[in-house]
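Below: one structure, written as structure tokens.
Letters are used for the chains, namely A, B, C and D, taken in the order the chains are written, and counting of residues starts over at 1 for each.
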Amino acid sequence: MYSKKLLEEFTNPKNVGIIENADGVGQLGNPADGDVITIYIKVKNGILEDVKFKAFGCAAAIATSSMVTQMAKGRTIEEAMHITKEDVAEALGGLPPGKMDCSNFAPDTLRVAIEDYQKKNKV
Amino acid sequence: MYSKKLLEEFTNPKNVGIIENADGVGQLGNPADGDVITIYIKVKNGILEDVKFKAFGCAAAIATSSMVTQMAKGRTIEEAMHITKEDVAEALGGLPPGKMDCSNFAPDTLRVAIEDYQKKNKV
Amino acid sequence: MKRIYMDHSATTHVDPKVLEAMLPYFAEKFGNASSLHSYGQEASEALSLSREQVAQTLGAQPTEIIFTSGGTESDNMAIKGAAYMCSSKGRHIITSVIEHPAVLRTCEQLEKEGFEVTYVPVDRDGIVDLQFLEDSIKEETILISIMHANNEIGTIQPITEISKLIEGKGIILHTDAVQSVGKIPTDVNELGVDMLSISSHKIYGPKGVGALYMRDGINILPLLQGGGHERGLRPGTENIPGIVGFAKAMSIAHENLEHDSRHMEHLRDSMIKKICGKIPHAKLNGHEKKRLPNNVNMSFKYVEGESLLMLLDMKGVAVSTGSACSSKSQKASHVLSAIDPGVDYIHGSLRFTLGKENTMEEVDIVVDLLEEAVIKLRQMSPFGEDI
Amino acid sequence: MKRIYMDHSATTHVDPKVLEAMLPYFAEKFGNASSLHSYGQEASEALSLSREQVAQTLGAQPTEIIFTSGGTESDNMAIKGAAYMCSSKGRHIITSVIEHPAVLRTCEQLEKEGFEVTYVPVDRDGIVDLQFLEDSIKEETILISIMHANNEIGTIQPITEISKLIEGKGIILHTDAVQSVGKIPTDVNELGVDMLSISSHKIYGPKGVGALYMRDGINILPLLQGGGHERGLRPGTENIPGIVGFAKAMSIAHENLEHDSRHMEHLRDSMIKKICGKIPHAKLNGHEKKRLPNNVNMSFKYVEGESLLMLLDMKGVAVSTGSACSSKSQKASHVLSAIDPGVDYIHGSLRFTLGKENTMEEVDIVVDLLEEAVIKLRQMSPFGEDI
């Protein structure tokens, strides 16, 4: 049901970890629902210099987290804010029908992290 | 479903035919129901000297007719009157469950033939 | 003794190519199609592919195919499912007097539950009375179920005409195509049906599997509840080897339809001609032209069908009296009763249903054995002298 | 990559001896069991023999076995059939919260139709609350349906006790024995049940076939209408190869029950012990003793089951999270919710179901791969640091 690309991303996820003293942190989901994603960002001159994640969830949750961190890294805040679930799904070679909801989850968490950064820095 | 014995009797029935100037004739059933048996008897000194049948019907109707004529032949009228469906079924190695009704049909026809003889001869 | 099988409407042997397609799915690719792991994925892919194959042979979409356990279940599911789903709209159903028991008994059950059923009669040839059908339609009519081809006398019903008759009326049209699939074209759009029942074991596929075609947009209440299989419409772990075999059988039947039909039609017409030439007082049941290419159903005056069947069986020839299902009961077939060949003929019917592998030599042997058997039984018959 | 299959509760491969028994019935002895001729008789004899074999393994009479298309149909048939038949006597049904969807969804459907259903809860080990069950019985109770063994956590339910509890009350007792047959004794008289559901593909038989045991004297309304097959209770041309294979699988399972169970129990207990020894924060779901010999269901804190399953699948190991049927949905399993292992554990469950051919080497490989996978996922988890 999962694409080869998604499974590859799931098995070898990039940017797993925590950024100490991150400029922004976002977390969505809760253990009772079976999915939690945390995303950490480091911002410099309006650019996402570093993005890391931790995730508890299904293969799709982990793969989309990994993908969204890679897509965001090096981008401007503006660009990163506009990464859509379609972008992520496409980059992973598609998601199974029942998992499309999932693909919104990682970009949303990224947006929460960016908003956290903006709030903290009163942008 | 049919026993070997019944099938053997059906394929090689005995006493098929008509007795010209029979002493008694019995017929039961009708074409609309799919079964008609006619039995002819020749009586001498209270003994069934000859018994013949014609039958239109299923394998069980033909086999039981053949069997009942053989069982009746050479018997006294009294004895022939008392041939039961169980006797016939047993002699044929049993009848399939759905066909037990059928086994009454030939002995009943024989009884009609005997009654015809008795009426004609005012016994 | 060499046996000759001419009872292909009762069931067929499994085509070697079908069995070959099935075999890997018993012991190697044996996964449950609902499982997420690789075994499950193999099964799930086989299921998808089979669904596409079956859809393609019917001119349908894969999403319109629901796999079932056979023709009986497909008929029950279609008729009850539509009736229960639409019961708030109306409770009137139209069917015909010559349907298979899987349809007739289901309709009778619905009558017990408060539905009203009209049983459309047929003419002497066994074709449903279209005028009667049209006149039966009313506001409350929710479903029409008319078989595509009859299992006993092989008559082909005017399904396309019926679909045109009810166009735009919002009535669901179901057809039992168990006997027609693989023998005559069954494109669901040409037929104009909303639902269509198929059984695998009638087309050289395995027993215990079939399908219901259900046009996109048609909704029914499922007969069974359970897991979410078949979009929740037919729960239960999918019979993958059976479904793969069924799909293969559908593909083979579809590919060879013209060739096989022409072959069987040729045998059929010769057989009818030879029987009529050799055996007096023989009568063809059903329509001469509008009949399945493989169906020869004849009645022989003053001969009872079951004993004829048994005599032929002793010689290695397998045929049927009417439908296999009612072979064990002694009542006259409801289909023959409906076309009423006359009291002297009604119990004397025999059904020969040809298969793609039957030959002209076999036809000749069978006709000779049949002649012998009819003579033998007529000599035994109390009415034999009349003819 | 050598694959290791530990998902035998989802489905099993067909035993070579079973396939061998089936093969002649596809292309040679392919007759319709309702046909009167020799082909039909061959099929009909195979059917009778299979019925005797199945009956024998259950301590039942052949007349008490009705062949179906699988476990889901057997469950639906038993529950709806009894409910509809007895509805004039009462409309109350008792079942449990951990039943398979084939039972739960069926009961929900009956609720929509006006029946009242009590869902008996289970304790932390997943055993039904007998006191609650007893207290639920009332005048109107017509049917109790409690599964013999649970498909997810393998707990064995006290069916014999339940049967004693309701003795003489005129309540029909049905059990879904789909998971228990072939793994623990299922003598219908020892269990004291009136009806019992079986599915062939869980015991190394073919998919698409199963049976309902129905005690002599119990009457139900059939789900399907059609020909007179299975004494009118289950119409449709009988799936002879499937039934023959199913019967063979039942016989083999019955013969080897003790041997196979002991083997699997040994693997099961080692596996649990090894997992607990190697992986911290692992928790066994279900009862330690009253569980199927082949079931290992464990939860791992802060790890999500599906990703664990996928990681193991990449290494060739096939397992399941809960029942195969719900593997595609993301909701927590209703069974785990019922035993409530805690919020940190509920999404982290994995089901290993052993087969008669699994070995201790395979167990060791799987435990090692499992440890690796759990560590990997915990490192990724936002909660990983806590443990």
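Here are a few things to note about the model shown:
Assume a contact is a pair of C-beta atoms (placed from the backbone, for glycine too) under 8 Å apart; a residue touches a chain by one contact, two chains touch by 3 or more.
Every value quoted in this text rests on a predicted model; they were computed, and no experiment measured them.
Chains that touch both subunit B and subunit D are the following: C. Steps from subunit A to subunit B, taking the shortest chain of touch contacts, total 2. Remark: among chain pairs A-C and A-D, A-D carries the greater number of C-beta contacts. Between the Cα centres of subunit C and subunit D there is a gap of 34 Å.
For the pair subunit A and subunit C, the distance between C-alpha centroids works out to 56 Å. Measuring from the averaged C-alpha position of subunit B to that of subunit C gives a distance of 40 Å.
Counting only residues that touch two or more partner chains, subunit A has 1. The set of subunit D residues touching two or more other chains comprises 36, 306, 310, 328-329. Contacts between chains, counted with the stated touch criterion, involve the pairs A-C, A-D, B-C, B-D, C-D.
Partner subunit B is touched in their complex by these residues of subunit D: 36, 41, 44. Residues 3, 5, 7, 10-14, 16, 19, 26-28, 30-32, 34-40, 69-73, 75-76, 100-102, 105-106, 108-109, 199, 201, 206-209, 223-229, 235-242, 306, 309-310, 312-313, 316-321, 323-329 of subunit D are the ones that touch subunit C when the two sit in their complex. Residues of subunit D touching subunit A in their complex: 302-304, 306-307, 310-311, 314, 328-330, 332, 343-344, 346-347, 377, 379-384. Taken in their complex, subunit B has these residues touching subunit D: 1.
Residues of subunit A touching subunit D in their complex: 1-2, 7, 10-11, 13, 16, 27, 31-38, 54-59, 61-62, 98.
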